[in-house]
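These notes open a run of structures that come right after.
In what follows, chain A forms one complex with chain B and a second complex with chain C.
Let's turn to the complex of A and B:
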């Protein structure tokens, strides 16, 4: 069993993913506190958002400042679709939520294709600021289309959550289990992608873009596909967030929202696959605990990030992995 | 005594965040009041950023009313416990804080002291949970007027845009007649409230004084520091009058900067949000003769009850209450009445007790100085709306003229019908 877990394979990842999901389902019943469940599902939603950004930052070396545009696109797509008469006219009925989620991923993906096709031609700070510029365009569009998006008040009036396949998302357990299942499933798929030749191609471009190009590698295509995948996953995270809050808000497309996954990546680490998820956990706990006890949220968050940057000089999970490897090597040498 | 689960959210979080704990400090509400049978009220509000002062004034008012209730023995010994948290004016954060109140703190009531954007987020959370919610700040009409947004368990105790618009237009029409004003401009913040205010004011003005000419509009961004662009536009167009729904620090900056250009010498300025103490005190030299609605001033309504309210607040906090303060005070008065009437915290019974209820109030102008929570849309009516002109020192406003609620409700009905909301 232990040797099976040591071997890096899809079966191992799938097994761990399933075990994690079952474990979190058990947690739901062991800790019957809706607040804890709320935090866990929020960590997974934000974790997806941060993991998607880390495809660009951690594996491609492209720092995108406008990632929240895709998060907001996913959220608004889901909300607008569920509020529209479309679902009645075409009789989506109980399948309106899965269709809405798929549509959110699709719309975010299409948006990422358009934005990515332009942005990936640039690099460094020019890439970062162009993504930011596109995000602010999306933000302005959301504010301007008051009749459709609700403008700065956001999408108001809620939307229905009809049950599908026996899953009723208006019930806390169903929502919890569904959100975590979808998140873990996407994390599992993303992990396979990152460990595939495609994922190693991204690392090659990050480390020395000229070398893979000289070998006949199409860097631009690779970067664009990564950008589309990152945008689509951020869109999925946005749609899950919209389902949780039963609304969508223009603040989700503002530049400050793009800073959140950056903080999570800084806190959790960008070199370990699950670092951003760990970052989301720290970020959410900080947010919950600090706002519950003091109004100096920004100060505390700043100090914590400063302590990570100056103290650990990396994210927590990166640091833990390095320490673990060091201690393992030390033990091996001693033997 | 109710046995509590050992693994509560707070204990999990506190254990995980011990290191951070040293940096934090308690919100400061007396721990002696934290008993299991307390009536818990969650208050999401804005305690940081440019409007933090207003957030503080609303929580002060809530604490003042709650402390009085607790000192008088509470509800058969049950005290009210307040849990106040900062949402940083972010809608998703307000939704999270609200879910936290409901799920972790098991609050009985949400007293929502958020501005409009976040109030709509709170509305969706309480619509799902069924928790009783008292909105005390948002003035956007649609929150309770639009049937698709309204919720059975949500009540509004704050002013409403359309009420103010009608009162403002009626007053402006009198000044138009008196001074022969023809050309108008408007300067409003570029977000939903500003646009609503602009639309409803000029719609109502057309009813009372048709034939005016609207020669230009300025839409500064909210929290914009520099208004030169708007001011030069006014100087160029030379309107007879300006209508503005700028508020707080934005209005202070605009008046300070426009005064330097002498804008107010030849132009009548109608600022709906000016006569509030935090705003007037912050203006360096408050020009004489600006027109403003009475957001909150001790001088209006000119009653003993209102002056007593101002005094008790000022004695306690060393500062005057604000518009947000009186709205929250009335909400808590209503809640306490409903708690006493129903004898418990059943949300459905409390909602029934609030609906259509009329109570005496220091801000009431209904029969016997009362305010009413209208049954139809669960929103407050018959609160004091007045307009007057400014003077640079206390009481800051003079020649106040009261708005007529029959006129307000008649035009409100026409406006709601046009919108398809009734």
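Let's turn to the complex of A and C:
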């Protein structure tokens, strides 16, 4: 039993994941407020987006500034596929939604392969600028292809959401349970990846790139695989967001959208696995609370970020983990 | 693609001249702003994401002075000086705390200032577009006609002023003691400290100079376009493009890149009206792939 619950083991993580999902399902019925449900599902969608970016920032030390390109690619792929005639001809019928989501992940993954293969050859700020430039090329393409994407209006007209396996995503509960289930599942898999030899390889490249290279490690391959995984998960987050909003908007590909997961990573912490998810929670609550009370959202968000940058100097979850370890060490010494 | 319109333009002298003049105007205004950004990066090593917000402040300040005094020259000058003061406060109060911090922390600090300033100007001046302060009276004359191409004299004045500033900046950097110190501080600040030079003062003055250039660009922009919160964001991204294409830290490179981007915008608006921005970013991607250190940047 004790080995079953050992720290960082898959079985323990899987148990925790299942418990969290059940807990959030219970929350749905205890708190019947649709506003709360909306915040929780958005936290998971944005959390996926931020967690995926943190593979690059936290574990590889690469400041990607064009991550929203993959988010938008996922969103537009899902929307365009569900709107297309293709679906009617080949008749995916009730499996349209799972196929659309898988296709979104695939398309953003392929895009990430292409962009990543070029970007990872550059370092530091040059890497950041190249990711930014690629993202803005994609933003410009979305704006230019008015006939397909709807240009600056976004993907309008909605799309059907046929039920599958008894899940009807047009019902609030089904959407809530489905989104959170998928998100937790991906977070669980990502956790295994980060704690695997592959994940430790990423940290090694971040801390001293020459050492793993000297050991015969293929740094560039590792970076590219991490980039593709990060892009694919961002695409999944984008497709879930498109399902929620029944549309896709060009702002999702704009560079300011890439700043959002950076905020979440800063607010929650980049050194703790779930830090970015915590950051998404802070970001979403702040968003909800501030926009309900004032239209000067940027002012408040700016001041919060400023206080984190200059005051706490780390994310909230990072800070809590350090405090917790300190107090545990103190207790151990007292005994 | 509007290939036909583009080819028609290329075969007409008047179209080429007016588009070239328009491109130079865009490029020179861009150079004013981007040279400040590249200067600050060269010496301080910080990508100042708040540079566009300083540009916006310059526009608001000059709008305010114009509507109080009605004097054009004064409003542009005070707009730029006002931004320099804000820049000094920003550098001394906040930015100097993160010189040694990670790139992410520097970016987020600057970006938080963008969010704060964008909202502050809305609180002070309202969220409506403010109408342009207009061009001074001596330029309110019929446009020049060169081979049937229409060229507003004020655009020529902006191009001339920017050229003068570019030459002034070049002289400052290469011929004066201050310029030598600044370039030395960019290469080896510790050695400069050891020689008894106060690098803190040098960094602050470079940031003030950078802010002045951003403010001046914004003030001039307020004379040909409307003033609105968030107007700095697009010029910020364009300044990034110029900085990267020219080579980060290279003022000469920024000059060359500004002209390239100005022309790409001007002629791109005819060839691919919906993809004008895309052309600029494609150029940026190509330069980063083929010559990551830019057209005139140092290989480090």
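Note that the second predicted complex is superposed on the first by the 329 of 335 C-alpha atoms of A that agree within 3 Å, B and C clash if a C-alpha of one lies under 4 Å from a C-alpha of the other, contacts with A are read in each partner's own complex, and residues count from 1 in each chain.
The rule is short, and it goes like this: contacts are C-beta pairs under 8 Å (C-beta built on N, C-alpha and C of every residue); 3 or more make two chains touch, one makes a residue touch a chain.
Note that this is a predicted model, so its numbers are computed, not measured.
**Student:** Please work out whether A:303 is in contact with chain B alone, chain C alone, both, or neither, and reply first, second, both or neither.
**Tutor:** After superposing on A, A:303 lies in contact with both chain B and chain C.
**Student:** According to the stated criteria, A:245 is in contact with first (chain B), second (chain C), both, or neither; which is it?
**Tutor:** Only chain B is touched by A:245; chain C is not.
**Student:** Once the shared chain is lined up, is A:137 touching chain B (first), chain C (second), both, or neither of them?
**Tutor:** So A:137 only meets chain C here.
**Student:** Which partner does A:17 contact after superposing on A: first (chain B), second (chain C), both, neither?
**Tutor:** Neither: A:17 stays clear of chain B and chain C.
**Student:** Looking at A:146, would you say it contacts chain B, chain C, both, or neither? Reply first, second, both or neither.
**Tutor:** Both partners.
**Student:** Applying the document's definition of touch, where does A:125 land relative to chain B and chain C: first, second, both, or neither?
**Tutor:** second
**Student:** On the A-aligned overlay, A:262 touches which partner chain: chain B = first, chain C = second, or both, or neither?
**Tutor:** Touch status of A:262: second partner only.
**Student:** Should A:34 be classified as contacting the first partner (chain B), the second (chain C), both, or neither?
**Tutor:** The first partner, chain B, only.
**Student:** Identify the partner contact of A:57: answer first if only chain B is touched, second if only chain C is, both if each is, neither if none is.
**Tutor:** second
**Student:** On chain A, what residues does chain B touch that chain C touches as well?
**Tutor:** In chain A, positions 143, 146, 151, 297-298, 303 sit in both the chain B and chain C interfaces.
**Student:** Can you check the complex and tell me which residues of chain B touch chain A?
**Tutor:** For chain B paired with chain A, touching residues are 5, 7-10, 12-14, 16-17, 20-21, 23-27, 47-48, 85-86, 88, 90-93, 95-97, 99-100, 102-104, 116-117, 120-121, 123-125, 127-128, 140, 142, 146, 148-149, 191-192, 195.
**Student:** Note which residues of chain A are touching chain B in the complex, please.
**Tutor:** Touch residues, chain A against chain B: 30-39, 42, 143, 146, 150-154, 156-158, 170, 241, 245-247, 249, 251-252, 285-295, 297-298, 300, 303-304.
**Student:** Sort out for me which residues of chain C touch chain A in the complex.
**Tutor:** 47, 94, 97-98, 103-105, 107-109, 111-116, 118-120, 122-123, 233, 237, 240-241, 244, 248, 272, 274-275, 277-278, 281-282, 284-285, 288-289, 292-293
**Student:** Which chain A residues qualify as touching chain C in the complex?
**Tutor:** My answer: residues 57, 63, 65, 118, 122, 124-126, 128-130, 132-134, 136-137, 139-141, 143-144, 146, 151, 255-256, 259, 262-263, 265-266, 270, 296-299, 301-303, 305-306, 309-310, 313.
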